[in-house]
Structures are given as structure tokens and as C-alpha cells.
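Both complexes shown next keep subunit A, but they swap its partner, so subunit B is in the first and subunit C is in the second.
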Partner chain A sequence: MNAMLKTITVKAEVSRFNPETDEKAHFETFEVTGIENMRVLDVIRSIYEHQAPDLAYQFACRIGRCGTCAVKVNGVPVLACQETCKPEMRIEPLTPFPVLRDLVIDRTEVEERYANLALVPHRDHEHEGQPEAVAPDLAHEICRLDSCLACMVCVSACPAVEERAFDGPAFMLKLRQLAIHPADNMDRLSQAKEGGLVECFGCDLCTQLCPADLSPAQAIRDFRNDLLFGR
Partner chain B sequence: MAAILPRNSTRQADALRYGNIARLTNRITGVVIVGFVTVHVLVQAMVHSGWFGEAVARSQFLLDLQQVPLVHAILFFSIAFHTLWGMKLFLGDLGYVYHYKTSLFVVGGIASLFALREALRYVGL
Partner chain C sequence: MNGPELSTQDYDVVIAGSGAAGMRAAIAAHDAGARVVVLAKGPPRANHTRMSGGRYNAVSGLNPNDSTDAFYKDTLESGTWINNHALTRILADEAMDRAYDLEAYGLTWDRSEITKYSLSMTGGGSFVRTLGSADEGIGITEVMLHQLHVRGIEIKAFHMLVDAVQDADGRVTGALVFDLARGSWRFLTCRALVLATGGTSQLYETSSGPTVNTGDGIGIAMRTGAEVVDIEFMQFIPISFVYPPSIKGYTLTEPAHYGPRHYDPKADAAHLLNNKGERFVLKHDPVRREGSTRDVLARAIMLEILEGRGTPEGGVLMVPDPKVFESFLRERPIYVKRLLENYGEAQARLEAPIQVMPSALYTLGGVRIDNWCRTSVPGLYAGGEVAGGVHGANRLGGSSMPDIQVFGRRAGMAAAEDARQAPGATKAAFERARERAAALDGYLGRSDGVRPIEVKKQVQKLMWDDVGLVRSGPKLVEAIRIFRQLRSEVLPRLKVTSRTRVVNREWMEALELENMLDVGQAMATAALERKETRGAHYRTDFPEIDPNWAINLLVWREGSEMRVERRDVQTLDTPDKTNARVLAEAR
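Then we have the complex of A and B:
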């Protein structure tokens, strides 16, 4: 190991749950030594490779683009591949989703909700000739909103999801992306209302924690503005 | 040259969750306001209507209770915070958006000034 790099020993409490043998999740403590700026995912992988080969976890890209490695670290939902490790960590699966095993959540309901929202442009009539012209600023905004990772960090952090009948910020953001799309003619505002648009507390936790630096709270505010003044 | 990613490392689990602090403070101050108004109305009703007899009507402590400096400071902070945070949320829906961290500090700061003013009154300043 490079002598310039400082090392750190991390004490990680990892949530373990095997549906075949456990009634409820419990924590197991592991110690991992590595470079000081290693990520939470590095810690989890080290545990899997050297201490607990039966640990279930998910990851794919390792560069914060796929959103599959999202977990809760010390109670805060983060992307494990981006979050710097801490000397003491409690690593849990995202809430409020059902847990399949250890750190892996069941995303079936999430995928079903996305599918039910029909998140592709819906036209009133058959597309003819050239596609609609999109102003550069609007195209930029649509692309920006499209960079949502669907990691569910915002949904996990959202207090309104916990307390009220609210689908969650991620779904509102995707609906907003379609609402401003010139080729889409579906009533996205009604979909947002059905998803609990008015239940949002406006706390901006989703904005603070979004790994893609998006603002689902702003998408919700824009929808509410449409609700007040029409669109 | 290594690829430069937009976000290479976060320390989000270390950060204060400003929105949660604001939301909980808003909720607590709301409860304080409702609680104070309820107690105030009940006390006034008891003292002035004589529902609970002469003993209650003559109980000076019920009136004194409403003049406790600390209660005033908490109440003034609560009213100011709850009102301003509510306005902030409504303004956001109208299109006037303020950053969540700045909003918390500004609203909390202004509300604290009301509490401080009340506290200073009772120490003679």
C-alpha cells in the first residue's frame, strides 16, 4: 500500500437478515482496515470477501450512476459507492422497502409504480414527420431531470412517505420530467395528485440527499404552482 | 488522466438534515401555540365565568402562569417560527424558492430575536 495513504480501521455494524432462518433483522459487527478515503461500498465488499461470504448486497457501476448500492449509513440514506466511510458505521438496507436479504431490498413495488405511471411521452395522435422542436433550455432541463438514478435515496429519506399517503419524491420528479415534455399530452398533474403531491412537507431533505444533485422538492413545488395557477 | 466524476465522494451521513430540523421545529412550535391558546382560553373561561367555583376564580396563580417570562419567550419564538416557516413554504409554491439551509437559519434567527427580546424585557433590558 502506498506509504502516502493513511489507513483507517472502520467498525461497521451491518444489518443481517435471512428470511429462511431469521424472524427479524439483527446487527453483526465487523472491523475493516483500509485507506482513509475508502467508500462504504469498499467496506461492504471487504466484509463480503474476507469475513462474511454470505453477506447479500448490491452494486453495479461503482461510480454513482446506477443507484443500486443505496443503503442507510448511520440512519441516512446514501449511495454506498459515493459515501466516504466513517470510523463507526451502522449500515442498514433502505427503508421503508421490504428486505429480501441483508442489505438487498425488494424493488418490485418501485418498478410497478414506475410502470403504472407510463413514463414515456404519450401523444394525442400518431407521430408524423419530424419530432417536435424543443427549446435548448427545455431540452437541457428534461435531460437533467432524466438523470435521476431511481436509487430511492429520496424516498427513503422522505418523512412524508413515512407518515402520509405519498408515493415519494422520485416519482414526482419523473412525472415532472414528462409534464414539461412537449410531446407528452397525459395529465401528469392528476397523476402527481393521485401520488400524494399535496402531502409533501416541503422540507427539501430529498434535495439535500439526492446523489444526482437533483431537486425533487422543486419538481413538487412546480406541480403545486401549476395546481394553483393552472398550466 | 483520470476521469473526473461530478461527485466523487460524499459525506452526507455526517451532515445535519436541515429540512428535518425545520420540519420538526415547525411541528413542535405548532403544538406549543395550540397548547398555549387552549390553556389560555380555558383559564380565562374558568376565572371569569366561575365554572369551578370561587376558589378557582380567586386563584391568582392561574393568571400569573401566563406571565412567566420563559413561557412568553417560547411562545413568541413559536409564533414567529411557525408563521415565517409557513410563509416560506407557501412562497415556495408560488415560485419564490429559498435554499433550505438559508431558510432555516433566517427563520430560526428571526424567531430567536423575538424570544430574546422577550427574555431581555424580564431582566430589565
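Then we have the complex of A and C:
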């Protein structure tokens, strides 16, 4: 490869937990050498390939699109495939979700929550089989919100989720996507309220950490604006 | 008999794969009244559609010069006329209706006016016809997943289809499934099984697809005796990232490469230069130049790299047009970000040359299907990338998205219809499934042997070097010899280090490897048989296209051997006889 690329040796403490044998998780430490800007996923894959054949981890696309490799690195939720490695890292499964084993979480409940929100346009009339009337800018905005990876990084980071009855930023963002869809006639604001819209602290952490560069915080502000002043 | 517990559940239609083809099949089968389950090898969002740029060829009527006939002809032209013409015709005729379905599901196509979609050019096409949406494959999979949710369609995450289980008469009546999250076996009885497991990009060292695409459905179909077609044609995307290693092989979207040609068929695409500063594509296609088809460009780039005229990092240089930056940023912000993170700001602004290399993208061949996605085995259906025939020897950019919608829907409809009359599984099928599960459970007990990841890497290197972009008779013979050896000597010696049943990656890789070896050998076998150069298939010992080879190759398994047979191209006048051989044998 490029002779210009520098290498680095990182120390990674990886959370290990096997429900068949362990009561609680413990950390195992590994050292991995690779190019300086390798990603956390590269470190995890290297550990599996060369040091811990029994390591359980999840990834699929390696390019920040499937959203399935999310973990916590030094306490911060990130996508493993997008996060540049640190010299010293503590890698843990994403909280607050049930852990299947090691770094792999069970997203069954997350998916059920999505399903309960019925996140499809509820239409007065069937789609007519010709381009639907949507202003270009609005279409673009719907697309932007529809780029949410459902990775749960924001939900994991959200302090309100931890302390209060709040579903989390990702769900607010998806509800907003439907709220601005011109063909949707469901009361998304009520759904957002039921999901804990008013519980958000407004800390903006979700937006700062979103791997898709979206702003769940803005979606929440827009809903709150609707709540106060109507649409 | 002893062996692992095998829990059973009954469905009308079992669908393996959670990409767009699988989800579209599920929607269609469910809406036709069938009891449906979708199997995802990982989390449902871990699929190839998700990674696509989402560009969608369809004749919308917005370009008055375009027509479904022109789309049909472009697709045949690109496929060198060995496509299954009937499937190609269906693609051209139904693509737009399926695009409207997606809009009904909640996708909003990019627009120039309130009711006017933005259209653009795409690789190999002759008209401005391609739709797109800024949320790309992410958006397509999201709106479809939520459609499954509102229908209450069951999705089993971390469930890998291991085998299609047949009854004594050869009909598929069940699915042997491994629950990776729990390490337990399931036998899902069904009246129809739809394969929508995607392609084979993970057989190659450098690939753009997701890690789940290990050719499972093709391997599974071949074990039932089903035929595969055009399996020698593997599409490589010419323009992908070269470094860093984590994203090597990931596709760089076409708009960066196309520049002004994105909207104007007469404009030049971004020039490609070797390390001597030469526009090497001119040697290969002086007419279309860098606007040539993907097969020509990928091969031209690979030859420069192999012959030592690449960059030190192993690519060539693409010189983009900075004038398209603004529209690129607006339409494809994700790619600007990727360029910025991995290459630097000047490259992200399209102001500096960008290093590119080819990468395994799309499996053009696959399980042979008829117009309704029936394979040559009763009860077994295939749709999307796992199936072959729609695109022939090469595929237009922007045509996989309509393919997986059009044929995903057809597979689901036909499977649901079949499920009304088909018999359920018998005791014999259950016993067969249990025996197979017991054998595969044996991986866990073995203490010495070879780790699956080592064999997987060996296969990936072998396919890249010998069954990749540049092929020759001796290399293919050697590849087949190695595949035979791996199957007979190494596969029985695979070991799974950990005894844990829960999320055991090595165990999954062992199961995948069986498919990878079958599919790799089938690809090499067909590639050796086709003694010419055509579309994505390039032979250095037969470097010209040969009109006598305007035929298809069918491959199927007989025991551990691969049989290959020539077959005339199916035109619109040929009767549809996909089931003929297997039905005749069953009688």
C-alpha cells in the first residue's frame, strides 16, 4: 500500500459477555497494529481474525449505511465503521439494549417500536400511478429525514432516554419525516407527544453524534413549534 | 436418532433475504393472502440494496424521446443480446409501475418541478431516463421495511437459510434455517420458498457489497438440482475507492465520474489517466471513451493496474469536473462526505484527481428463472440479484433497482399463487432436514482443523486473481482444481473454535463457505467453457467477441460435479420451458 501511510498500535479493551456462561460482562485487552486512520471496525475485525476467534460482533456494509455496527467507544456511541481508532479504546455494546453476546445487541424491541408508529404515509386516496405532487425542496427534505440509518446512536447517547419516558431522537425524526409528507394524514404530533416529545432536554447531543449528519434535535424543535403554534 | 432439536413452524411462503427483492416479494405474497415470513441473515437492514446509490432506470414519459422499446433495446445491447429477452421486456415494461409503488410506500423521487421527476444519464444508457432520490438505497429499504411492519409481516433477524428441503418428488416443501442469535435449528415448512439472498460479491477480495452476500441462495439452489445461468458474468464497478483498507472497493457514485455527461449524453465523462498521464480508455473504446459501459471501463482500468501503469496505491486517476460539484453536493452529499473523510478536501470538491479501482459489484448470472421467477425446481422461486438472465453479459447502471422491484414482486405473487394448491411438507422432508442439521451441528465439536476465515480469504484471493476481471484457460483450470480440493479435503476439516451456540461467527462462516465453494466452482466452470470475450467476461486467450457464442451456459450440480450445457438464447418467440428438465426427470 501507500508508503506514506503511517501505522499505529492501539490498545483495545473489548467487552466480553456470553449469556450461556457469564453472569456479567468483563473486559479483555488486545493490541492491534494497522494504518493510522483505520476504523474501529478494522480493529474489531483484526481481533476476530488474529486473536479472538470467538468474538461476537456485527457489521455488514462497512461504509456507514446499514447502521448495524454501532458500539460505544470510550463511552460514546458511534458507528464502528466510521469512527477512527483511538490509541486507547474501551469498546462496549450499544446501551441501553439487550446484549446477545459480546458486542452484538438484540434490536427486536427497537423494531417493534418502529412498527408501532406505522411509519408509512396514511393516504386519503391511493397513489395514482403518476408523480405525486410534492415540491422539489420538500421532496428533498423528506429524503434527508429518510436517510436515518436507524443505528440507535442518538438513542444511546440521549440523556432524556436514560432518565425520562422518552422513546428517543431517532423515533422523533422518523415521525417528522411522515409529518411533512404531503400525502400522510395521520396525527404524527400526537404520536410524538406520546413518545415523549416534551421530555427532550434540548441538549443537541443526538445531532452532534448522528453518523448520517441529520438533526433529530431540529425535528423535535419543529414538532414543539407545531405544538405551541400549530402547523 | 440423536441430533440437535429442530423446531418447526408452518408458512405458505418463506422468503430468504431482507433486501428490496425479498421485501417486495413479501409485500406481494402477503397482499395475495399468503402467510409469509422473511429471513434475514443479520439485522434486516444489513443488505445490498441498502448500499446502492438507488438510481432507478424506468421510462417515466418525461423524456419524450425515450420509450420502453428503447430501454429494452439498451438493456439487450448492454447484455450483448444474450439476455433472456422475455425477462428484459418485463423489466422495461414494469419498471415505472414499481417506481410508483415505491412512491406510494413513501419514497420521494428527486424532482425538478412539483410533479416532474429529475432524470439523469447512467452507465451504458442512450437516453436520459434514470430516476433517483437523495436517500438512495437507504431510503428504498426504509420505506419498504415500514411497509412490512404495517402489514405485520414477520421478519426473523439473524436467521440464515441453510438449505431448501425437498420431498421425494423433488418439490421444495421446507426451509432448513439456522438461528444465529440462539444457535438453534428451525425447519420452516412451506408451500413455496423464495430465494432473494442477493449476489456473490463476497467471493472476491475487493468488493463493494455487504458481508452477507456470499452467494448463499445460488449455492442452496444448486444443491436442490436447480440450474444457474450466465454465472460466468460477474459485474465489476469501474469506479470505487482504493484506500483506506476499510472502504477499499466501495463504489464511488457515477455522477462524479460522469460530470456534465450526467445530464447530457454528448458531454465527456471524467477522464481516466494512468501513471504516465495517458487516457488509456481510448485504446479500448475510442467512440464512447470514458462514457463507455462498465465492463469496458473496469477491464481497461484493471489492465493498466496489472500491467504496472497504476498508482502506487493500486488504482488509476480520475480527473473530475469541478463544475459539477454544486449539483453533486446537493444530490449525493453522502459521497462528498466519503471523499472528504478518505481522500481529502480537494478531491471532495472535485478539484483534484481521485484514485479509483474496479470492485466486484453485481452478480449478473444466477438461478435460472422463468417470467414468474420459477426456478427449474418446483416450489423454489428466485428474484433479484440471486437470479440470472435479466441483464445478460453486462448490466446498465441503474437497472438493478428496477430489477429487484419488478422480479421481487413477481416472485412473491407467483409463490403465493402456488401456495394455494401446493402440498405441505411430509415426514420424510422433516427427517431429511434433521439429518442435515445434525451433520452441520458437528462443526461445533471439532477440535482441530482449519478456521473458516482462512479458507474464505483463500477463496477471495483465488476468485480475484483467476476468476475476476482478467481470465485465461490455464488459470481457470487451476481454480477449478483448487475448488475441488477445497471441497473434498478442506471443507470436512473446518473447525469452529468456540463451542458457544450464541452468535458464533465462525459457525456462520463455515455454513457460508459451503455455498461459496459451490458458487465459485460454478463460476469458474462456466468461465472456462465460454471461449470468447463478451460483456463482463474477458479471456486473454480469447480476446474477441465470437458470434457463435451468442448463447447461454447453464450449470447445475450432479453430486459433487458441475455440469455445464449450452442453450440457445431465449427470445420473445421461445416458449418458456424452465421447468422442462427437472419435471421430465421427476416423471
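Before moving on, here are some points about what is shown:
Definition applied: the second predicted complex is superposed on the first by the 221 of 231 C-alpha atoms of A that agree within 3 Å, B and C clash if a C-alpha of one lies under 4 Å from a C-alpha of the other, contacts with A are read in each partner's own complex, and residues count from 1 in each chain.
Methods note: contacts are C-beta pairs under 8 Å (C-beta built on N, C-alpha and C of every residue); 3 or more make two chains touch, one makes a residue touch a chain.
What you are looking at is a predicted structure, and each value in this text was computed from that prediction instead of being measured.
In the superposed pair of complexes, A:101 makes contact with subunit C only, with no contact to subunit B.
Touch criterion met: A:144 reaches subunit C, while subunit B stays clear of it. In the superposed pair of complexes, A:209 makes contact with subunit B only, with no contact to subunit C. Shared-chain residue A:218: touches subunit B; no touch with subunit C.
When both complexes are overlaid on chain A, the residue A:63 reaches subunit B and subunit C alike.
Subunit A is touched at more residues by one of its partners, and among subunit B and subunit C that partner is C. With both structures placed on the common chain, the touch criterion links A:76 to subunit B but leaves subunit C unconnected. Of the two partner chains placed by superposition, only subunit B is touched by A:201; subunit C is not.
After overlaying the two complexes on the shared chain, residue contacts for A:127 are found with subunit C alone; subunit B is out of touch. Looking at the shared chain after the overlay, A:49 reaches subunit C, while subunit B stays out of its contact range. Judged by the document's definition of touching, subunit A residues 37, 39, 63, 82, 213 lie at the interface with subunit B and also at the interface with subunit C.
Within the complex formed with subunit A, the subunit B residues making contact are 5-15, 17-20, 22-23, 89, 92-95, 97, 100. For subunit C in complex with subunit A, the residues that touch the partner chain are 42-47, 50-51, 60, 97, 100-101, 103-118, 133-139, 142-143, 145-147, 149-150, 152, 155, 157-158, 181, 210-212, 243-247, 250, 312-314, 330, 333-334, 337-338, 341, 451, 453, 497-498, 500-506. The residues of subunit A lying in touch with subunit B in their complex are 37, 39, 63-64, 73-76, 78-79, 82-84, 86, 89, 157, 159, 201-205, 207-209, 211, 213, 217-218, 221, 224-225, 228. On the subunit A side of its complex with subunit C, the touching residues are 1-3, 5, 18-21, 34-35, 37-39, 41-42, 48-49, 53-63, 65-68, 81-82, 100-102, 104, 106-108, 111, 114-115, 118-121, 123, 126-127, 129-136, 138-140, 142-144, 146-150, 178, 181, 213.
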